[in-house]
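Across the two complexes that follow, subunit A remains constant while its partner is subunit B and subsequently subunit C.
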Partner chain A sequence: MTTVTNGVNVQALLDAREVLKGAPEAAQFTWRASATWQHGVHSQIKVQSYYGLGEEHDHKEESVFEADHPDVFAATDNGITPIEYLLVGLASCLSAGVASVAENRGIQLNSVQATVEGHHDIRGILGADGDVRNGYNDIKVTFNIDADASREDIEALVAQSQKRSAVFDALTNPTDVTVEVA
Partner chain B sequence: MSAERVTAVVVGAGHAGLAASYFLGDRSIDHVVLERGEVANSWRTERWDSLRLLTPNWQSRLPGLRYEGPDPDGYLTVPEVISLIERFAATTRAPVRTGVNVTSVRGSPDGYRVTTSHGEIDCRAVVIASGACNRPSVPALAGSVPGSVEQLTPFDYRDPAKLPDGGVLVVGASATGVQLAAEIQRSGRPVTLSVGEHVRLPRTYRGRDVLWWMDSSGVWDQRHDEVEDLTRARRLPSPQLVGTPERTTLDLNALAALGVQMVGRLAAVRDGRALFSGGLRNMFSLADLKMNRLLGTFDEWAHASGRDGEVGPVQRFSPTDVPAAPRLQLDLRSGEIGAIVWATGFRPDYGWLDVPVVDAKGHLRHDGGVVDSPGLYALGLPVLRRRRSTFICGIEDDARAVIDHLAGYLAIRG
Partner chain C sequence: MTTVTNGVNVQALLDAREVLKGAPEAAQFTWRASATWQHGVHSQIKVQSYYGLGEEHDHKEESVFEADHPDVFAATDNGITPIEYLLVGLASCLSAGVASVAENRGIQLNSVQATVEGHHDIRGILGADGDVRNGYNDIKVTFNIDADASREDIEALVAQSQKRSAVFDALTNPTDVTVEVA
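Up next is the complex of A and B:
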């Protein structure tokens, strides 16, 4: 295998996989975000702490996100819409997967561009038609990848990245969600 | 009551247990083969009517027994498999005790104590050949299926005529799932097939059975300690193959042409609705890519070994067609679905094994059939020693090697 420099520490991930096979409790992570309503349909979301490997952690820095709705929703557009954040998550997760799998397979990446489109019928959220769902009808991700590999190998990278993607799974499979008032 | 003593006990008189007996006999190691039912019991009681072996007849070889019938390229029916295994038991004069159920195997001071429905046996070595498919694996979400829908496993299923009228949801697209989906659809019951990860293979490739390629090209020779992810290889679903006289391919495109409707992996049953994964396209991509990689290795082998002239031209098959808008849910209370068939795999049952050698997932801890407890051995499990181990033709080399080890163990222990 040639040495590639995609910058993913695959060895650490492979080592973790071996260790966690025998320590499922350490593999339990909790990710968190906390949103504070601002005004109108504008919220500010902060992400800093998470739990994993049996203890609390902090990201190096707190990340702050603004979520709002655009002018056409008669809103103030202080940030992207919540449903767009799903696209952010999906694109970044699949791209991370492509890089990791490429590193593991010894494929040098030159550039990776993912374009994500989610098709959304907003009659659902407006309550205009009870037969229309609230969420996306479908999502399409298009990868443009320049790598030292055949088209078939690149397609295999993209397929494997979906197979191991947390966000792809979260979007394609149902998840039990509890919402309560504290 | 004192226990009977023999040197070795073989649990199960299928092809694996009888092959163990063949090599034990060869070495004059006194042994018995304990069988809860008749020889080839699971073939008699746990198979559906139309089933044939996935392997062509010429591959149905057992130690000292070669296929000599008129149809080397055909596939044995279940009655033919039973008669093959019976013939094997008869020609090897295996010391089989039928109708003897093993209820416990536990360690004893000089080996193992085997408790059966007919008394106790003390022995120095045990060969577990009780099969890999003792129980259908049914996901826990089956418990949430409304009572109005009949649920069957491949152990319950015999033929489509016994199903209720109406639609049938077949869950799982391995060999079992695709075979049952096809015959149920042909019976006039509309089938919805829930597809997760699967192994797509054409029945024939470049004019030869695809399993001829697996055998000849050396793919099946890969040893268990050479397989990159052995756990995964041992849990791989069986390929989408069927043995028919016409040697037809039964992939998802063939099923779609019959009218079978494909949906994603069954992810949940919630409020009476089956919810399917939206990741169906990627299941297709993964299987198409893997099939093409495998065909590529066949082509390389044919070229490198100078056999291109013996086989037909290189082929590539069209990608699996993605349905325009795969359904994401199905109301199980609407009456559209009358029955669900769980073609979700099988697992072994070691409930009788009182030796701590079974892992948290219910699989035996073993290294090429040498179980993690001295004197304990296994045969007849997927990728036990080689990829070939999964198939009948793999048992000869496996049984020889495992019984070699067993004999060496007895010799060292004196």
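Up next is the complex of A and C:
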């Protein structure tokens, strides 16, 4: 295997896999976000703390995001729409997976770009047609990858990335979400 | 009904609902994101253009996001993890819904905060246990709402927001996601 420099510490991940096999409680992570309503449908969302490996952690910086609806929804467009954040997560999760799998397989990546399109019939959220769902009808991801590998090997990277992707799973399979008033 | 000033143009949304009932093709939106791999598992994601009402549009500004893995995954923590973006979307979508429904019901909001926690067993993504899923096990959303309304009315706002939420639907129900190499 050639030494590649995609920058992913694969050995640490392989070591973590072995350690967590015998310590399932350390593998329980809690990720968090907190939204504060601003005005109209504009909210500001902050992310910093998370729990894992049995203790609290902080990302090195707090991240702050704006979400709003666009002009065409008669809103102020102070940030992307909430549903677009799902595409941000999907594109980045699959890209991280491609880099990790490539590192593990000794494939040098030169460039990776993932373009995601989500098709959304807004009659659902508007209540215009009860047979139309609120979320995406379907999502399409297209990768453009330049790597020192055959097309077949590149396609295999993408397939393995999907197989281990947290966000791909979260969008293609149902998750229990409970919502309550404090 | 009291005139409230939550800032949501409910009349425009009600009008859009009526218009789109007779023009389903105009209701077909495409939202987009594009991720460019940086190094390691760090990628940068850009969002600006979208399609809807039969034509191309741009958000008034391009939004740029960073996604990475944290220190505890032996990564560079240059941004939140991809799976945290799902919580950003969920928190903001439900908050937008609360504001819209409150406006429609004549309820003045004073403050709205949504805290979201996603429980994630990372043995899935690490391949440490084939019975553990890659995504969230479950997600919990807690609202703190100060409004000129009874607790019962506030709970009803939150329930209606869930019922019309694009992101709530996208996370609780499966969506077809196709991934291909260009």
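Rule of thumb we're sticking to: the second predicted complex is superposed on the first by the 182 of 182 C-alpha atoms of A that agree within 3 Å, B and C clash if a C-alpha of one lies under 4 Å from a C-alpha of the other, contacts with A are read in each partner's own complex, and residues count from 1 in each chain.
Rule of thumb we're sticking to: contacts are C-beta pairs under 8 Å (C-beta built on N, C-alpha and C of every residue); 3 or more make two chains touch, one makes a residue touch a chain.
Keep in mind the model is a prediction, meaning the values are calculated, not measured.
Novice: Go through the superposed model and pick first if A:Pro82 touches only subunit B, second if only subunit C, both, or neither.
Specialist: second
Novice: Counting only touches as set out at the top, which of subunit B and subunit C does A:Gln162 meet: first, second, both, neither?
Specialist: So A:Gln162 meets both subunit B and subunit C here.
Novice: Return first, second, both or neither, reflecting whether A:Val116 touches subunit B, subunit C, both chains, or no partner chain.
Specialist: A:Val116 contacts subunit C only, not subunit B.
Novice: With the two complexes superposed on chain A, say which partner A:Trp31 touches: subunit B (first), subunit C (second), both, or neither.
Specialist: second
Novice: Classify the contacts of A:Asp129 with the two partner chains as first (subunit B alone), second (subunit C alone), both, or neither.
Specialist: After superposition on chain A, A:Asp129 lies in contact with subunit C alone.
Novice: Who contacts more of subunit A, subunit B or subunit C?
Specialist: C
Novice: Output check: A:Asn173 vs subunit B and subunit C. Expected answer is one of first, second, both, neither. What do you get?
Specialist: Touch status of A:Asn173: both partners.
Novice: Using the superposition on chain A as set up above, list the residues of subunit A that contact both subunit B and subunit C.
Specialist: Subunit A residues touching both partners: 138, 155, 158, 162, 168-169, 171-174.
Novice: Which positions of subunit C touch subunit A when the two form their complex?
Specialist: The contact residues of subunit C facing subunit A are 6-9, 12-13, 16-18, 20-21, 24, 27-37, 39-43, 45, 47, 50, 52-53, 57, 59-60, 63, 65-75, 77, 79-96, 98-100, 109, 111-129, 133-145, 151, 154-155, 158, 162, 164-182.
Novice: Tell me, which parts of subunit A touch subunit B in their complex?
Specialist: 138, 152, 155-156, 158-160, 162-163, 168-169, 171-174
Novice: Quick one: in the complex, what on subunit B touches subunit A?
Specialist: 264-265, 267-268, 270, 275, 277-279, 282, 285-286, 289, 292-293, 325
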